[in-house]
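Chain lettering (A, B and C) follows the sequence in which the chains are written, and residue indices restart at 1 in each chain.
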């Protein structure tokens, strides 16, 4: 049975306007001058209660990136294994790929040679993402304060949400830090929530083609 | 159970193609196709490396012939040894060459130690080989005591040997877990960490720290044993052999494990000595070299133990060697507990130690091999030169020698069997 | 007191054998070294478990080849190859530590290298494992090993321009001088808002004997998990 092809509309195709930047639509909710600007939230009609559920989901399923640099990595592994189980908080899968990870736990000393790859990893992580500086080396340089090749705190190269001091911090300490991160996620207090989306941004590296 | 003959060479598809092509051309009466030399893989083509080659070896590694490709096992990868970058030149799946790029964890510890007092140095060396911190502190303690002309009291020496052997037990246990983890087995690492957490809680009872124990002092150790340490030691000792055997049963007879480790990464004794490989890796290749017997230090003269070696020198032998050394260390711990004398645990030394000018060399047997410290004193409160020779750093040189011809997936397994720790590699 | 500073004895009260308890054990090595290498070595020095001598840089490789290949020496293992800087006006040194089954002493060979032109022959053809040692010595001290096929930096980035372990490379005393200092607002005093501490009311926590009922209620925005101040 032959079917007639759909008729071409005489006045052109229907164009549905993209309302992503139309802040006037938020007027009924008194949010047109919200600092985050633009629509946010799961259901763009009720941005508060569904967002609470979404934040709860995010907090209870934070997937860390395998970014263990040195000694703190062993304590991070100890936090992940049977005795101090972080799986009960949903954080068991330590993802190898940054594209699948939520939180970057920088565990270990950051050196100037490794700073480039680590920032690249951070940029490859999609939002929402958080950063936990584990150990004193990532908080402030730690015991390597005068060294010529240690970055004096990872907050010199990336935004940090939670600092967990210790050398190395006990697994209980790291779990406390992750609980603080849960608080941050649920209250939208972290560095990500204050990030205003201006489109794709990346650092320009030497030798980039475009 | 299938067995793989270690002598079997994996057929190289490109070589098969070339052989076929040569045969056809010869049958047709033509000569071989003239091929140009290899093309240098500069930044414009691959991005590795990012500057022209500076040395002959670099030129060899980064020059690509027909069908070859450079793969970057970058500083962040799921293998749990830390941050090391391996640039692997592969032809298909078969490795042609490896160039390890180090320095992603270089913290300048040697330079920091030149500006620190002798006691502070003993805290700086902890995060080097962070899985064997006690050994890291033992070698400088020996060197500094030689410089200062002092000996630790006998009870301190026994406590030192005790914590050092405990450290060796959990470090080798972790190696078993990491070896299985790098091959995809996620269970043995959990058992290893249970054992490690138990031992580390015990050591935190005596030194106050779970990991980077700041325990050794010049002339002894910091604290004496206490009730909690001894009670945890007794509890641990009563079930450690069962735990080790349980972990071992899970891995050793496992078909996947044996297929992936038997015949892989074979290192002969002469090669190993020439490359500077020491420790369990060297003993697994058949050379009975153990610093505890060759240049005895501490109280190892009074303890009875034999040097264990394996014959085959492959990954499986290195794994079996470490299990045997765990049992040997537990035997040593038993003897130490039996023979420990009473007495002080630290010699009387002043607050700031100023040894006479001189040079001293202290070597210990760490779980990775010969760990040594060469210290030069100029009479002042800080060491003039503090040099550490880390065994993992030197053992990494074995990788480009034994991996060509193997598959890419075996790289991680073989590297895990050498058990490098990047903190020591990069200092 | 028993354990005060004194020269190490050869055997202590417990009768333990110290390594090389008898100087005669090292004596054979000393004799051999002076016989075979007498023309090259300077400043022979021995300890209980170490024999040490110095050589010129030009003679180092020949001496080490003899030490490895001569069956009476048989120093088959290179334990360590270190680089030392003796100060701005002085020379550099490459220090080799060798091990042999036949001699119960460590042998230390100190090769003096000129500071202005720090060149010495490589030993990678004797021991392949010396490659990383020499790369590290070049990276940290700038000593060039002639004949080494792969002498490039190993720890620092390839474009690093200093030699960190030299004595004229001085670590800064203050991290404020390090690169990227002041990126973090916590490192910039002008961004600190001290008024919020001055004007905030003091939190008076009653002593334990005087605490009666339940702890005070949470203020807005606080959670019970927040232990930033006592409740």
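Note that in this section a contact is a pair of C-beta atoms (placed from the backbone, for glycine too) under 8 Å apart; a residue touches a chain by one contact, two chains touch by 3 or more.
Note that this is a predicted model, so its numbers are computed, not measured.
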item	value
Higher-contact pair (C-beta pairs counted), A-C versus B-C	B-C
Per Cα centroids, the chain farthest from chain A	C
Chain closest to the assembly centre - both centres taken as Cα means	B
Between chain A and chain B, centroid-to-centroid distance (C-alpha), Å	34
Cα-centroid distance, chain A relative to chain C, in whole angstrom	39
Interchain centroid distance [CA atoms averaged], chain B/chain C, Å	18
Where chain C touches two or more other chains, by residue	155-157, 164, 169, 171
Sequence positions of chain A contacting 2 or more other chains	113, 146-149
Residues within chain B bordering two or more other chains	103, 106, 108, 111-112, 115, 426
Residues of chain C defined as touching chain A within the complex	155-157, 164, 169, 171-173, 175, 178-181, 183-184, 221, 223, 225-226
Parts of chain C lying in touch with chain B, wherever the complex brings them together	1-9, 12, 14, 16-17, 19, 47, 49-50, 52, 76-80, 82-85, 95, 97, 99, 101, 104, 106, 108, 127-133, 136, 140, 149-159, 164-165, 169, 171
Residues on chain A engaged by chain B in the complex (per definition of touch)	66-71, 73-75, 77-78, 81-84, 96, 108-109, 111, 113-114, 117-118, 121, 143-144, 146-150, 167-168, 170, 207
Parts of chain A lying in touch with chain C, wherever the complex brings them together	112-113, 141, 145-149, 151-153, 155-157, 179-180, 183, 187
Of chain B, residues touching chain A in the complex	43, 47, 50, 74-78, 80, 82-83, 103-109, 111-112, 115, 123-124, 127, 130-131, 189-190, 193-194, 196-197, 200, 210-212, 422-423, 426
